[in-house]
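Shown next, in structure tokens, is the structure this report addresses.
Labels A, B, C and D are assigned to the chains in the order they are written; within every chain, residues are numbered from 1.
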């Protein structure tokens, strides 16, 4: 006895609320909705980044009979059953940023591809330390999917001859808690006196590592790089602990994912390899054999441009 | 023999032993800088463990400290970020005031409404944490938004020691004085030993409990500012789950969950012990996947060592065999 | 079997005092019961949600919504018994994680699907056994022990899994975790109802249950009354571990994967359910009906909020306030009445 | 001896206090005079302790007024009562186990000098206080290491430490030995001489007549009578209190004593007792006497399977037994009624009926649903036998007066239908009427062929009830008396550790 609302309702389910990255993606989603007209964005997510929390939310979204779910998953597998159920009930599922396993979604939109992201981070580190020396990785939790993929890529990239003088001495996990990340960073500095760079592919980690380096008076001796948001990193770029870091544009990512979801809802594309999906002002992307598509390379920020972008996201 | 039976010296020995053992494996750990960092790193935990100790002594528990810390820290960070030119002391005062207010809510519910502490603080823990999100809209306050003096204060040095250490030392002295030399403090022990009896002899239990949770809240508020300044970032999830670390520090320090027993020295050593573990594991390059399991094991071992002989006490009615032939038991 | 023998066969000496068999039932005492208050709260919340939310009053949705709390509620049942017995178990979520990991390992080792629940059960019970032994043998407070073991259990899960995950569980598990009876009632919910009934019978109608109350009421006197207090405690810890592993079985089946951070933070939610259900943290009081009403109320509130797309963190506020209000309100009213009188 | 003319210190007019509709106190008028010791007398549940708590600001009366030195006062809190000079030794122990003896005396009002508690002064004053009381107690020791009697002295010291106008003692002698009771009398005399008013509550009439000057009788929360003890006999007093005559003589029926039932040989424990041997015959009452702390309770608890690490040889009915847990002991037919009813005896927030059936649940059945009638029947049987005063069987034990709680505990153990019942201070805190009921009940038990071990610190009780008396001292059996040969002097001497020749 439900009257189907006329608007297309697209729910954006993020890893956790209160995360600057996803807030920016939300901005992008709203932009897409405005452009498309007749689209309503429901922005939601659990408080702490847990798969169980996202499952609860999807459950309620299914009850609400939304038209599409755009999700950054906390667990590629755990969310598959519920996502499948959603798809059975006619809801389109598009994952972005941190993906779902293929059977649980129509499409995965990578901000960039993992190869590019991994290579980029190694390259930034290499540039900062002059191509030789010890480096270490400070990640989020050991369960973070995309972090793990990037770390895998980084390890592979390091096998290349041009990086033969760079040695990865440790991978540690700060669980995205500032105190633990800080302590782990200090631990790295202690146990590896020769350390030249810390790569932190997570925003809590890169912030904590920068602070640790500054507090230990190692600015200029140890460089921090990785992935972070300009608004959160601006201070540390200024302090000198970070020379450059990278991130893709989360606004674009949110925009594109929402736009793509709408395409699926309208039946303009089908989820099959090789399909081309329009992503509005960003052109179009093509699905690969896994149903994945990527936007572009990550963007690099440094002292020259960070302030400008800090105001945006 | 007697020394071994006391908790504090044993715990102190364990801390020293642990530091030395880690130092043998990884000499860098014993460098002056590293040890100084260890002390600095322990400060927040020490401060929170001390007030938690007083709370536990009254047979209570304050599960809301970490949420309180996050909320006060967020208030401080937002004041720093959005009210330019606000003098630092005022910001700190605001953080303490927020913490105090939150502590008073706990204290009122527990003292005046006589509700069970674990339930009350379980509730306020969720509420305070949620309030951080509501207040900040979920947004971060990052380093560049905070004034430089705001961020620099905790680690700036006075007479060679960071402010953090001075503040912790002052807290330690204050708590030692409260616990040992004030009626307020002694009343807490009486309340913890026998809550009903405390009422019979005229101890104003309600006021005392209010004061204890208020103190716990105020210190959590202070730590809130110190935390966000030290790590130069404030967001909803800071110090998530830290309450259990604080309680674990107390428990390792010999503070009895059953109330009435606990010393300032013990709580401090318990906090130091956990800090050493937390710092040693990364330095020793223990696999990150082992860290949680090892921490759990260490807590259990420390608690077991603490508990030796504290189980069923038996009395001594028979004359002791040995030197004293005649027992002096019935003194009356 | 013949209890009349316990009565000495001699003439009844009539006492000077008359003692009624039971209190004359008064409506006010009945209405003043916690369960009645909860039931009313539940009805209010339910009706309010039905009016305010268009998608709420839909049998499919409601039944699906039960999946959000079924596993937690399964752990809340033995937790209620433990708390009635003056103990507490903070390590349940760690036990759950470790049980899930054990199933993953067993599956990897080629165990048949039917044996996986047994593997989980064995692991959970073993975890509970360790808790129980530490508590009873060394006379340690359970909150202290389980703060330690929760780190240990979750830590072991992380040691085994590292940065990987177990996936690809057999269909059997998905059937139980995601499946339905009659195509509409989630199996998990049925499991919960059956377990709740069993627990209610155990606690409220058997001598075991009576003894659990007695232990919580006064453990020393219980020991003096010939109750093997430590054995009951140990058994309850093991039961809690076992129920946590049942939850692990269902949850793993529902989400089809195991990571060390599975079910993080559940212990507090479970304890909140139990306390909201009117189980006294001081021991000796509480009912399964209360706990189930609290579970349903909390489930309805959170489901309503999520249907309204209110961020999860508001739910924690609502649940926290609910907890505080429900325990504070009766106290405040009583104080008010005392002052008015 | 001061005459009636001494001025009233404290006057109670129309004091009422209700608990859930029950009048614990109902319009009580009492006058308390300086330099006098007033005995407050009443059955269990008469409202004595409630009165004490009302006077000390713990409860606020529902109606009525207090006046101190003629001026109306109200006590909103115990501090206010204390500040007005009213202190009490409560019936429940008020002790802080982890604090030192000295601190226990001054807790809540420690002297502060220069912003710090003056510990030296506290210890000095505590020592001076004990010197005045002529009691030797280590002031630095923690209270948890003291014996029960020593704790009582700490409580008394606390009441005396504050130069009170009115000192109330609610059953202060319950845990004291003969000699310690003498000490207490002396202290009360000291107080009277100093012009302090003393309210003395006890169920033991010999004590009342010895120490008090006048009496006030309460019954069911109501004032019944007052007067000078010199003008009344014990019989009359009892009649006032109970509202009828009570046969106080120990109703020791000459039961037929059969063959040995419980034989204990060389029972030993590393720290508590050593080489304890005795024999209990069928139908016999074996008294166990000793000073408080002699280790009698420990021996009994060992027999009941509560104490690990016990060695020795025990036979019941000729079969070797050594209970390793209370449930084993219960199954063997041994019941132990503990002396500390609050901690070991009663489940305070459980219904009376569930308290009574707790040890016999396995006999009632695994499923209890539908057996409520049966449970109530068992409970009712013992409640009536023991003249329990309660409004209904599902009432919580906490709501009963101290003595009635003791009756519930007693009923619970009788319900196990034991062969041997060990009663550890069964009449401690029980009023005289009920005490007679308990004694009558004990007699009935042995008449039915049960054997009773009666541990008691009350000499008349042991002498009146027991067929034989075992006297313990410092964890060892000092001497055994037959019924005929025991005299108060010889028994007390043995309990004090004097050798037979000296006795």
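Everything below uses one rule, namely that a residue touches a chain if its C-beta (ideal position, glycine included) is under 8 Å from a C-beta of that chain, and two chains touch if they have at least 3 such contacts.
Just so you know, these numbers come straight off a predicted model, no measurement behind them.
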item: Those chains which touch chain B and also touch chain A; value: C
item: Most distant chain from chain C, judged by the mean position of its C-alpha atoms; value: D
item: Distance from chain D to chain C - Cα centre to Cα centre, in angstrom; value: 41
item: Centre distance in Å when chain B and chain D are each reduced to the mean of their C-alpha atoms; value: 43
item: Centre distance in Å when chain B and chain C are each reduced to the mean of their C-alpha atoms; value: 30
item: Inter-chain centre distance, chain A versus chain C - centres from mean C-alpha coordinates, in Å; value: 37
item: Per-residue multi-chain contacts in chain C, two or more chains; value: 158, 162-163, 311, 313, 316
item: Touching two or more other chains - residues of chain B; value: 133, 138, 236, 289
item: Residues of chain A whose C-beta touches two or more other chains; value: 17-18, 47-48, 142
item: Contacting chain pairs - touch in the sense defined above; value: A-B, A-C, B-C, B-D, C-D
item: Chain B-facing residues of chain C, complex; value: 90, 134, 138-141, 143-145, 147-156, 158-159, 161-163, 268, 271-272, 275, 280-282, 311, 313-314, 316-317, 319-321, 323-324, 327-328, 331-332, 335
item: Contact set on chain B toward chain C in their complex; value: 109, 113-116, 118-120, 122-127, 129-131, 133-134, 138, 236, 244, 247-248, 251, 256-258, 287, 289-297, 299-300, 303-304, 307, 310-312
item: Chain B residues within the chain A interface of the complex; value: 26, 28-29, 34, 37, 41, 133, 136, 138-140, 142-146, 151, 155, 227, 230-233, 235-240, 242, 278-279, 281-285, 288-289
item: Sites on chain A touched by chain C in the complex; value: 2, 11, 17-18, 42, 44-48, 50-53, 55-57, 59-60, 62-65, 75, 77-82, 85, 141-143, 148
item: Residue ranges of chain B in contact with chain D within the complex; value: 177, 180-183, 186-187, 189-190, 193-194, 196-204, 260-261, 313-319, 327, 329-332
